[in-house]
Every structure is written in structure tokens, then in C-alpha cells.
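The following pair of complexes shares a single chain, chain A, combined with chain B in the former and chain C in the latter.
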Partner chain A sequence: MVQHDSTAVRRWLTTQVARYLDTTADRIAPHTPLAEYGLDSVISLTLCGDIEDHFGVPVEPTLAWDYPTIDAIQRYVLDALRSGATAL
Partner chain B sequence: MIALEAVSAYLPPTEVALADVQGWLGITDAELKIYRRFYGYDKMRWAPGVAVDELLLAAARGLSGLAGHRDRIRYVIQARTVQTVAPYAVNVPHDVGRRLGLAHAATFTVTDHACASGLLALDVAGALLAADGDPEARALILTGEKAFTPTIAFSPARTVMGEGTAACLVRLGGDRDRLLAYATATYGEYHNTMSLDAALTARFQQAYPALLAEVIREATDRAGLRLADLAMIVPHNSNRVSWVHTCRLLGFPLGQVFLDNIPVTGHCFCADPFVNYVCVTERGLLRRGEAYLLVSVGLGATFSAMVFRH
Partner chain C sequence: MGTFHSLLSAVRDRAATHPEAAALTVVTDPDAGVHRTLSYGELDRRGRAVAAGLCATGKPGDRVVLALPTGEDFATALLGCWYAGFVAVPAPPPGRPGEIDRIGAIAEDCAAAVVLTDVSLSTMDFQPAMRPAAEDIALLQYTSGSTGDPHGVVLTHGNLAHNLAGIWTAFGRPGTVRIGGWLPLYHDMGLAMLLMPWWVGGTSILMPPSVFLRRPHRWLRMVDRYDIQISAGPDFAYALCARQLTDAQVDGLDLSRWTAAISGAEPVSAATVAAFTHRLAPAGFRPEALSPCYGLAESTVYVTGAGAGPPTVRAVDAAALADRRLVALDPVAGTGGRALVGCGTSGHLEVRVVDPDTGRPLAAGHIGEIWIRGGSVAGGYWNRPARSRAVFTAVTTDGEPGWLRSGDLGAMLDGELFVTGRAKDTIVVYGRTLYPHDIEATVRATAPQLATLFGAAFGFHGSGGDIDSTGGERIAVVHELQGRPEPADLRALAGRIRSRVAAAHGVALHGVVLVRPGAVPRTTSGKVRRSATRDLALAGALSPLYTDLPETAR
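Up next, the complex of A and B:
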């Protein structure tokens, strides 16, 4: 299994969000709610799907609701990886 | 108050996989994944080459007791989402009514609440039957449409349409499936939904679960019930994600919202609550005396809910 540390997960999430929003990663702060960047429901769900594909962990469609920042999502992903949960 | 005397659903036999019409609908690979994994859509029931009047007739002919009530049917109401569904001079509800032997009935269409117009038709039927005061009079509601263009068949970030239809025979009084309360609210700021700009779309998506939850609460309150008294919510087949959010806001179990048809039929315009009602009752998911709620949302945007006693 590929090992993921918190820095790598955060970097990957930030890069993805920046790409969806057509901006650069340095403009995405890990503690700022993604909604403030204009992350709409389609982008939120795209992120959910990409997380499932990349990390192989299950993600509910309410991810951006329950974990509104990059930091929060990163913690969710790491917890899911540690618990061994796998996507369907 | 009215009661649902009989409800019938017709699902065209042709299953169309969303992936197979991805190109026609203009859906990207990323969107397809979202629609299947999160919104819950997979297949739709379509009827290629079959006109909408045939689909409505199929539903109406499935109504138990239709023949026996033919002379009592005073109103035929087609509830539809799309205002124009046939070329000029073709009058779908009149044609269907005539073929059902109901040329004597006052026949018209309600469409102002878009996909929530099915519930509006029930309300209108109730008002007309109450004004007539004849307990033997009936109204026939017809719902369901054709997904005849990509614009109509696919609503970005929302839904995929199916061509299932339903018919509903309504009467005053009666002791089965009695209407207890109706709530509806139209938010005109979202009226131009088909050409919403991105900011307005985002606001609508943000507001949607709360507005849906509000109308459900309102209908339940008017019925003198608590949400916990509802055995089932029988909804329109809007995407599953919106129901996940709405149920969280309501504190209502997602498992008591009938979502089984989303991947099977798609969102069948005004017909969803009726088609889903038929499935729910056929599966024995409602027991006699239990309360349930029909709910639908129409672009424009109208949020409507009705509470019934089974």
C-alpha cells in the first residue's frame, strides 16, 4: 500500500482544489473554508470522487460540508487510511 | 379534503444507461462519474419513438376502477413540467381524455410549478371537486413527459430525466390515502433556472436543502404531525445528494426516503411522487393508518409537499 503523510495529502488536496478553481496552489489556504473560494456542489463532488480514486478511501458526498477546509479533509483522509477503510 | 382513490404508474420497458447517452447529453467523463457515484443516476426508462399521449394512456389504463368511474370523472388535469410538449394543433390532454372516453370532462393543464405541478394538480382538483360538492365526482391527474431534447433530458448539476408516467384518480373524502395538508412555496429569485448564471446556480444549490426541509416541515406542521410521525417520504427523484443534505437538516432518517427509483427510472418530471407511491405500496412499505409525505421541487423554483394518511 502506498504510504501517505500529512504533508503529501495536504499538497495533493491543495493542488486539486487549485486546479478545479483554475488558480494556483499558493492561493489556497489550508484553514480557509473551501466555500469561500467558490467551491460549488459539482466541484465538491468531483473532489470526493478524486479522493476515492487517488487514496482508495470511501468518501460521502457531504465531505465538503462535514470537513470544510483542506486541513479538515486531510485529517479525514489520513484517519480513513489508518483505519483501513476502502472505497467500494 | 381529497383522497387518492387509485394511482397507476407506467415505466417504459426500454432501459437506457446514462453512459450510453453521455455524448448526446453533453456529459463529461467527470460529470458521469459524479452522476453515477454520488447523485445516484445510472439508467433511465425512456420510450424512443413513443409519443407522450401513448405513455399517459398506458398509465391511465392501469388505474383500477377507471371504467366504472368514467361518467363520474369531471376533470382531466395534465400536470407537466414543460409548457410546450407537442406541435401546434396537437392537444395532448384533450386527445388522451377523448381516447379514454372522457370527452365530457373539463380538461386542462397545470404547469406553473414545473416538476411540482403534480401536487399542484391534486390541490386544484381538490378545490374544484369541493366547489362542486358532489361526493361521487372524480378528477383524473395525468403526469409524465418525454425527455425529447438534451436540454430537457439533462439538468447540469441536478438531474437526469426519465419518461415514466403516472395517473391518479382523485375524489373528495374517502378513507384511503386522505390528504391531510399541503404546503408550497415559490422563490421567484430562481425563476430563470435554465439559464442561471454561475453565482445564482451556486446560491440555488446552497439554498435547496434548507428550502426543501422547510416545506416538508410546513406540510407536516399543517397536518398536525411531527416529522417522526411520517412513515415515509415519497419524493421526486432529484439527486441523492440533495436528500442526504435535506435529511440531515430535518433529522429524518435517509432510509425512510424512497430513493430506490433514482438509478432505475431517472427523474420522471411530475410523475415521480406518484410512481414512487406505487412502488412503496406494492412493496408494502406503508401500513394502513400511517402518514406519509409526497414532495417535489419544480425549477422556477417551487417547493411543494403533501401529507397523506394511508
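Up next, the complex of A and C:
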């Protein structure tokens, strides 16, 4: 299994979110709620699919509400990877 | 009723003659081919069981809210309502708090006898005795959006039959009929993806919306793998596919058998048409398959569509547009123009462009309100006589009665309808109609400094209406603010407003403008003038305390 460290996960998440929001990664702060950058319900569902495909962990559709920042999503992903949960 | 061909008689006939034929296939993973199928015989049997259960709890004419996800339960509950003579009311399945509020608002407005959030089949059987009359109410279609003021369009079995026949004439082809998509079934265009194939004894192939939204390529994968000929989506869905699909995903697709890729429910963007057609060309997608359409729930769903040939994209003069005229530019001129996509013609309804202030029919090339007349047009809104009269019984100055006022603006050009905007304040995002006052209420509740003051939410176009604009509507809000907070506090407040609106409505704000009390223009009776507020904000003429409206919007 691929090893993921927190920096790599954060960088990947930030890059994805920046791409969806048509901005650059350096403008996405890890502790600011993504909704403030314009992450809406459609984009957040696409992000769920991407996380499942990239990391192989299951993600609830409410991800962006339960884990509203890059930092929170990164911790969720790392916890899921450690606990060995796998997506369908 | 004898000769009236209803959707219900079509389903019953098919169930009697071909009980094994597939009525509905629900796809949960098109990559792996995971799906469930319901035959016409089983659909009929379960529909009768639902009808038996309903008859034990209510009486014909009672409203039944179908708060059910995409799937067999929705299909059988809908049929059960019709077998028993009840009125079906599609609603979102319970999920986020906003959806539960909306179900409650709908159930209250129509005084529902039953709200179904799951379906248990009665052990009793039910024999549908009569076929519905054309004027019997089949369903209430609540237009998406407002929780504060829901209004249900009253659609009869006759309306449904007329509209489905119109869609079939425009897009149907002989042979095996497989039609479907991923739009929610409480959306008028989503419901059409369920009912259209039933009209002609074909198969509806549906995917839950979340499957598409998580992995947009799965919509196209479903079209290919399940051999779908007609599938509809809003403009944003085509844009999402054009942007998200990887080369490997495109390589694995064969879309050459997709004859009608219907784009409706929100303005069709020229940029999206070009991007999707180009991105999916290697998969065999044919430009003439992309079919821009115009429609609304008040006219069942479908009004006009562009059938044969690739979509008509015309560059029009932006200055003339502001002057309510549609003037086509030389295709190579380019600058100062806005690209508009034609929405075709109507074979089943009369469509006129009318001056919204006087009711005078306008000549081609002049922008006015789109008025519609014919068998698909609903009788009115449920329990809203005054509003129904205003919207559904308009009369032109040449004395022709019985027109539906769409609230949309457009013009005819070379015999084709071009939609240019809306006469009313509603905002369309992701195919959903949002009502400004709902968003304004959320904003107002964010902080005490906003609570008693006025604000205006409005839609605007991303990049100033240039020819390569992506066309998707963006939302901004202007709100009055008490006191003189520090700039850092204002920025933080704008952030909180964005989070609140995203949580409550699922949409992003692309501009927050905070102004002094009294700066939001109002009528003499105190109503907020939203379009005037928008014009001032986009012109940079509000002297705001705080603004993050992008420069490109101005």
C-alpha cells in the first residue's frame, strides 16, 4: 500500500481544491473554512469522489460539512488510512 | 374517456402485454455494471400494492408527498398514487437540514395526507378501476428553491400526456427505447427521464445524483454501457464532464449512439457547448446530438428544443442586447459580442415574445418575455388563485387569451428562440432555481449588525458577458450594516456570511458587499429593488464599507 504522510495529503488536497475553485494553491489556507473560498455542494461532492479514488478510503457525502477545512479533511484522510478502512 | 391516451394506460398496457420488459433500471456503478431492474409486470404489481395501502389511509384527490430517493420505491409510489387517484407530490429525500425543511414546507402547502419517506407494500391487492380523465390532477411540481414561499404547479394527466408526446416528437427515434440520466426525480427534467420511456414502453435508466456528482464520468459511462439514446442534464453537468474527464476515461467511451444529449434547466452556454463537443469528440460524440432546450415546470417541462443539426451559436451585439434587441454580429468580428445558443422551436406549443409591460407581441429580434400557450401549460399553482391568474391567464394586446407568462426573457432570431435572461429576480445555479429572499434571510441571520436592515441577493455573469464567458450564473449579495467595524472584522463577517449561505443553500457567494444603512435602493413601499442594487454594485457605485466582488464582474 502507498504510504501517505500529512504533508503529501495536504498538498494533494490543496491542489485539488485550488483547481476546482480556479485559484492557486498558495491562496488556500489550511485552517480557513473552504466554504469561504466558494466551495459549494456540487464541488464538495466531486472532491469526495476524488478522495475515494486517490486514497482508497470511504468518504461520506457530508465530508465538507463535517470537516470544513483542508486541515480537518487531511486529518480525516490520515485517520481513515491508519484504521485501514477501504472504499467500496 | 375512451380515446385519451394517458401515461397510466401506456404503463398498464405494457404490463399486460410484455410483463417481463424492463421498465426501470437503477444503476449504482456503471463502471462495474452494478444495477437493479424492475419489470413492467413487477412495477404494476407493486404499484397496485401501494395503491391498496393508500386507499386504506386516505381518499382519492389527497396529496401524497414522495420524499424518496431515485429508485424503485419512487417509481412504484408514483404509480400507486395514480392507480388510487391520489395526487403525487415529488420532494427531496430527507438528508441535510435544508431538505427536511423543504419537505415540511411542501407538505404544509399542499396539506398532504401522507408523506412517504420509504415504501412498504400492502399485502392487499388493488384493481385500478378507471383510467384517469385528462383533467384529473396527476402531480404537484414544486419548483425548486424557496422554502419561504413554496408553490406547486398543478399538472393534470392531460398535461403530462401532451408534454411527453411533444418530447417524443422532437427527440424520439424508432427502435428500442432507453432513456435516462441522474437528475433528481423531484426536478421536472429528472422526472421526465423516468416518465418519457414509459410513454413508449421503453426502459428508464437512472443513476442517483450523488453517483454522478462524485464522479461525473459515470453519467457518460452509463449512457455508453446501457445504450441510452436520450439523456438530459443542465449546462453545468456538461461543463463538469468537459473539465473533469481524464484522457483515459474519454478513451474508454463510445458515445456515438447517444442521439439526444438534452441541455436544459439553466441557460445553455456557448463555451460549454464548444468544450463538451470538443472534449468528447474522440469518444464518438456527435455535435448534432447536443440539444439545447428551453422549458419550465409551469409548462410541464419541455417547451422548445433544437433537434436536428448542431446547436446554433450566434454572436450578438452586447450594446443592442442592453437595449432589448438581438442583433447578430458577423461571425468573425468577435469583439464586444456575447455568444448565445439557440433553443430551437416548439412543435407542440405556441411560443410568443411579448412586451412584459404592455402585453404587445414583439417582432423577431426584439427581446421580451416568453409567453406560452397549449396543452402542456398547467392550470395554475396549488391553492394560489391570485398568483395563478397573474401568471397563467395573460392576454396579449391583440386580444388572444390564455397565455402563460414564463418570467424569462428572450427573442426569436431566424425562427429560433434565444433565451437572454429573466424578468423576475430568481437566480439559476446548477439547474436549481434560487429565490433571492431565501438567501437574504440567511445573510440577515448571520450577525446582529445585519438583523434589522435590508439586503439584496442577485445573480450575475462571471466575466462581463464577453464572447468566451462560461455563462454560469454567480451569486452576490449586498447588505446594509450597522456601525463602523474594523476592516479585519468586516472580512471575517463576509467569511461567516459565505459559510452560512453555503451550509443553508449549498451554493457559493462570489461577492459580498457591505454598505451603510439606507444604501440598498428600495421602492416607495419599502421593497428592495434587486436589479437596481445589482446595477449599482456592478458599476462600483455603492461606496461600500467592504466589497470582495471580483473586478471582472464590473
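Convention: the second predicted complex is superposed on the first by the 88 of 88 C-alpha atoms of A that agree within 3 Å, B and C clash if a C-alpha of one lies under 4 Å from a C-alpha of the other, contacts with A are read in each partner's own complex, and residues count from 1 in each chain.
Throughout what follows, a residue touches a chain if its C-beta (ideal position, glycine included) is under 8 Å from a C-beta of that chain, and two chains touch if they have at least 3 such contacts.
Please read these numbers as outputs of a predicted model, since none were measured by experiment.
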Touching partner for A:40 - first (chain B), second (chain C), both, neither: both
Contacts of A:60 with chain B and chain C, given as first, second, both or neither: first
Residue contacts on chain A - larger count, chain B or chain C: C
Contacts of A:32 with chain B and chain C, given as first, second, both or neither: second
On chain A, positions contacted by chain B and by chain C: 38, 40-42, 45-46, 48-49, 52, 61-62, 65
Chain B residues within the chain A interface of the complex: 30-31, 33-34, 37-39, 156-157, 198, 201-202, 205, 240-241, 244-245, 248
In the complex, chain A residues that touch chain B: 38, 40-42, 45-46, 48-49, 52, 60-62, 65
Complex contact set, residues of chain A against chain C: 32-33, 35-36, 38-42, 45-46, 48-49, 52-53, 61-62, 65, 68
Chain A partner contacts - residues on chain C that touch it in the complex: 96, 210, 213-216, 236, 240, 244, 430, 495, 498-499, 502-503, 506-510
